[in-house]
């Protein structure tokens, strides 16, 4: 590309050289605009639509772009398909740097244009690819259909055709729009305008009121009629295995401290009896009992909870509720073990958001699948799992500050939801 | 002084005219030897140009053909928008690649890095020079044609190994090593098949191998020896596919596993050269198959004079290229149908299946000659 | 010899050959999205594998806390985007349990039909990716070709190809148009023929057999221990399908089999999905025959859940998809929503499967696990 | 996992594979050949050329649009239901007061850049003032184009 940009300098002084330069321009631009090889890159939903666009029905090959290169060094076009997270951002920048010039970028879908559905209350998504790399064409949609992507490709083609040797392709600059809150900005500017308008209109309005004291608007909005639907009673789904009462009674016989969530005057037994058939039994445990109960329900022939559905937690003001969801594949019943973990308030208040506030023994030696689930809970809530073989952060970088699913979590780049 | 002969229609013309023009030179430097050397050099230049035109000219056609074939196999259209049915698409691709930025990755051995694609290109060019395109249309009519092809073909792997090693990338290195192992293995059965052809035709000269197939379609080596010829052809097809690193034997590139293998780190013109080399190898291998099995430049006569006379009116070059493109189409259909075996299975296939079958074939061929002819 | 291993690697060093580490992803053609794998290699043989998640962690669960339930249905589209319609149902069933509303029969039929269409679409993508990852690009296009027909139907019914946002507590957003049933019928007839071709193309192919039989074996015990579900679990010989175990919607009214295979290798995981396509078509045929008239939605109510915890589980194309909704106050917004995606445990079990195999086998195994990364990272 | 097998079994299996293997490959090839020689199977739609005949389904959600009559009047009352229904605040309903002091719609700002086409706004609108238009040719080189004002006129009232 260096050589071709020298062409005007060399050829212009020669008589007729201008026409040669124009001819070169024409041929090279024609080639560049019609042979756009995209990079195989995709993170989420948009990637599937990008793939669809190269498949038989839509066939991006018609534009000569079916040559999806998996190495950035042979690509011309970077279709940013899918959300960009902060963790992925350096990889994207590196990929873009590795594409030899002239290179073009299409931001496909709402996520890469502005953050899309992940603008507000989000700590991990980059709000728009423009923050990282210069973007040439924006294709809105969530995800855009393949035709929309082709329209983006045609738009890019027109943009490339405008380049010449004298006005060659040059690397653009990323633009910082990361803190942009379009909703609040629009509301703010409008409020200012409205204030001005109020001042200007005050007189006219007063005059209007004087002239038409019993003015009534002729505009009557018509409500859309919604069709009438019948009330339908919900039929609980079929359930296999022991009933909740049996499960609860058996568990309680072994561990008397076990209860369930109760409200008001109900005894635990009443609550369990009232449960709909398809509602899994959720029992409350003491932290000390946790490991024993899990071991018991796993090995007991009547329970046989051999399958771990999930481990998760819920953050409350002074405690975490850690829920371990177990199921018996053979018998079919489910049981959820909820452990209340008191937060460790001996830690100074400033340090609390960034430090582990509770701990519980791991069950990964009983259920190997629990290992990653517990890592997730550790990552999101800052609950320590004792004796866990590999307690690292799983979704976030190891130097990420704070635990996002706690209610008091803050992040410098997080924008609160306006409504 | 020995000067190798070059046969092509212009060759005799040049050989006639060089001595006549030489008369204008001062008498002191006039000599028979000089004349023949000059004539040879001029001929050689013409030949080089011809080979380049055939190879480089057919590569874009093949790429276009590949894109269309794969598109139609996959129920789509392929390039449509540039020229009539996308005919100009590959030309645009080539021009674009020529004007792309070129750089080597940091830590790469620069010399080797840029040398590798050149080495890869050389082998198919040399092979192309040995192929007889028509009765008097061959660049170098060497008497040891087949051994030379075998020797030269082994050269291509060097370029791939160098390219993969000098890229300073683990994926490239893995790809290059895979391809090295693969090509060295398959070279053996490739050689064996060619030896089989040499054995039944009794010559290592490609021209005389072709001339041995004159007559009807049943005189072609593929049909002349019942069953054995066809098996040999299939084996040649398989081992040449592996030699070319084409799918389903493209474990060296293996886009899904190694993101491109040895050419992962190449861009712009060097990458275009790898890309071209792949297709030039395709055309030379097809030409070799045509020469050795499908009767070279002879038309597919069927023994009925009325039809045969019409077929013989078409020049041999046309038949030759028609057969080449048929072979290329076969290679493409195979490429777009089959999935890729794993690297160790590929080796197993070569050493446990292809090679034994080859040896049996050689013995059977020898027996056939001993008994039948 | 003190030898510092990168984080996550645990195995003791056994061989004396020089091991090296390869980083696969986050941008790699066969990791199915932004997943990063680090491989410890001995030549071309994988000694150990450590997956790294989080390259597409989008904080959906955090965002859900400030969203209304309805908005979260729209958000759930973006988890397993290959079968967004199934995610919708998973969330909606949890909400229905809280609101205690039922669905009329026609509404349930619409649900089941769209579920099965989504399942076929997802399995077709699997078929394509499986062939494509083995090196047969044509398979990839074959799989997607038929999928477009399903997306046409989905688009006509729901208004969007991928992100459907269709089900609502008590039914769905729209009724199906009149053309729906004929279109599904036409699709089924077409699919019957095409599946024959597709199976002929790949199922008996010797290279596919060589590359998938005995590769990536996941034993029954391991599959249960890691919490695998769906086709991966059933290929290992465990007969567990939520549609049978805890039949949601009206799955108990249909006649279909749950295919179970015993070997737990890649080929079984492939075969089981092909068998599931046939079973889904069987369910769809029954639906088409019995599709009832009548209301398609129960009375619209504001989506407000009473205090409590609600759990729902459905069988998506990938496996067990569970939603856990916590409502701390009665209102439009949840206190917390947690999603259990089926792909997460599969990737956890990946290390178990690839040890001792070649790097090419990793690609095969990844393809047969059929993970969707955004569903793992959420 | 590999079971020990006798040599005879191994040879039997080997020979069996020598026959079934090529046959399976021929089966595969027959499928591709069938597809190759049957141009009717091609399903490709040629997008820029078929613009005239390309029609989206009625329910297709392209982008938000305000329903307006011939004079440009809309039904919006600036109640803000759509704004609240939007999952990611892509709609600003900016109300103003008309000359009679009544709250009417001033400007209906639509941030197309962040819209996810979920259609919840249309569902929430009690007056049927907005709908999803089937427009999909929306690519642009300027992100400012994606900031749209949907209403031509101020609201009535």
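Each chain gets a letter, A, B, C and D, in the order it is written, and its residues are counted from 1.
The definition used in the following text is that contacts are C-beta pairs under 8 Å (C-beta built on N, C-alpha and C of every residue); 3 or more make two chains touch, one makes a residue touch a chain.
Since this is a predicted model, take the numbers as computed values, not measurements.
Among the remaining chains, those touching chain A and also chain D are B, C.
The most central chain, judged by the distance from its Cα centroid to the centroid of all protein Cα atoms shown, is C.
A count of contacting C-beta pairs for C-D and for A-C identifies A-C as the more extensively joined pair. Taking the mean of the C-alpha atoms as each chain's centre, chain A and chain C sit 18 Å apart. The distance from the centre of chain B to the centre of chain C, each centre being the mean of the chain's C-alpha atoms, comes to 46 Å. In this assembly, the C-alpha centroid of chain A lies 52 Å from the C-alpha centroid of chain B. Annotation for chain B: residues 73-77, 80, 255, 259, 336-338 touch two or more other chains.
Shown for chain D are the residues that touch two or more other chains, namely 25, 28, 31-32, 42-44, 46, 87, 116-118. The set of chain A residues touching two or more other chains comprises 55-57, 59, 62, 70, 117-118, 120, 142, 145, 417.
Chain contacts in this assembly form a complete graph, since each chain touches every other chain. If you check the complex, the residues on chain D that touch chain A are 42-48, 54, 62-63, 75, 77, 83-84, 86-90, 92, 94, 96-97, 99-102, 106-107, 109, 111-118, 125-129, 136-143, 146-147, 156-157. The touching residues of chain B, when paired with chain C in their complex, are 70, 73-76, 170-171, 174, 178, 247-248, 250-251, 254-259, 336-345.
Residues 1-4, 27-28, 30-32, 34-35, 37, 55-57, 59, 61-64, 66-67, 69-71, 73-74, 76, 100-102 of chain A touch chain B in their complex. Residue ranges of chain B in contact with chain D, taken from their complex: 69, 72-77, 80, 333-334, 336-338, 353.
Looking at the complex, you find that chain A touches chain C at residues 40-45, 47-49, 51-52, 55-57, 70, 82-83, 85, 87-88, 91, 95, 117-118, 120-125, 142-143, 145, 226, 228-235, 237-240, 261, 263, 276, 278-280, 282, 306-310, 312, 314-315, 323, 325, 329, 332, 336, 367-369, 371-373, 380, 389-390, 392-397, 404-405, 407, 409, 416-417.
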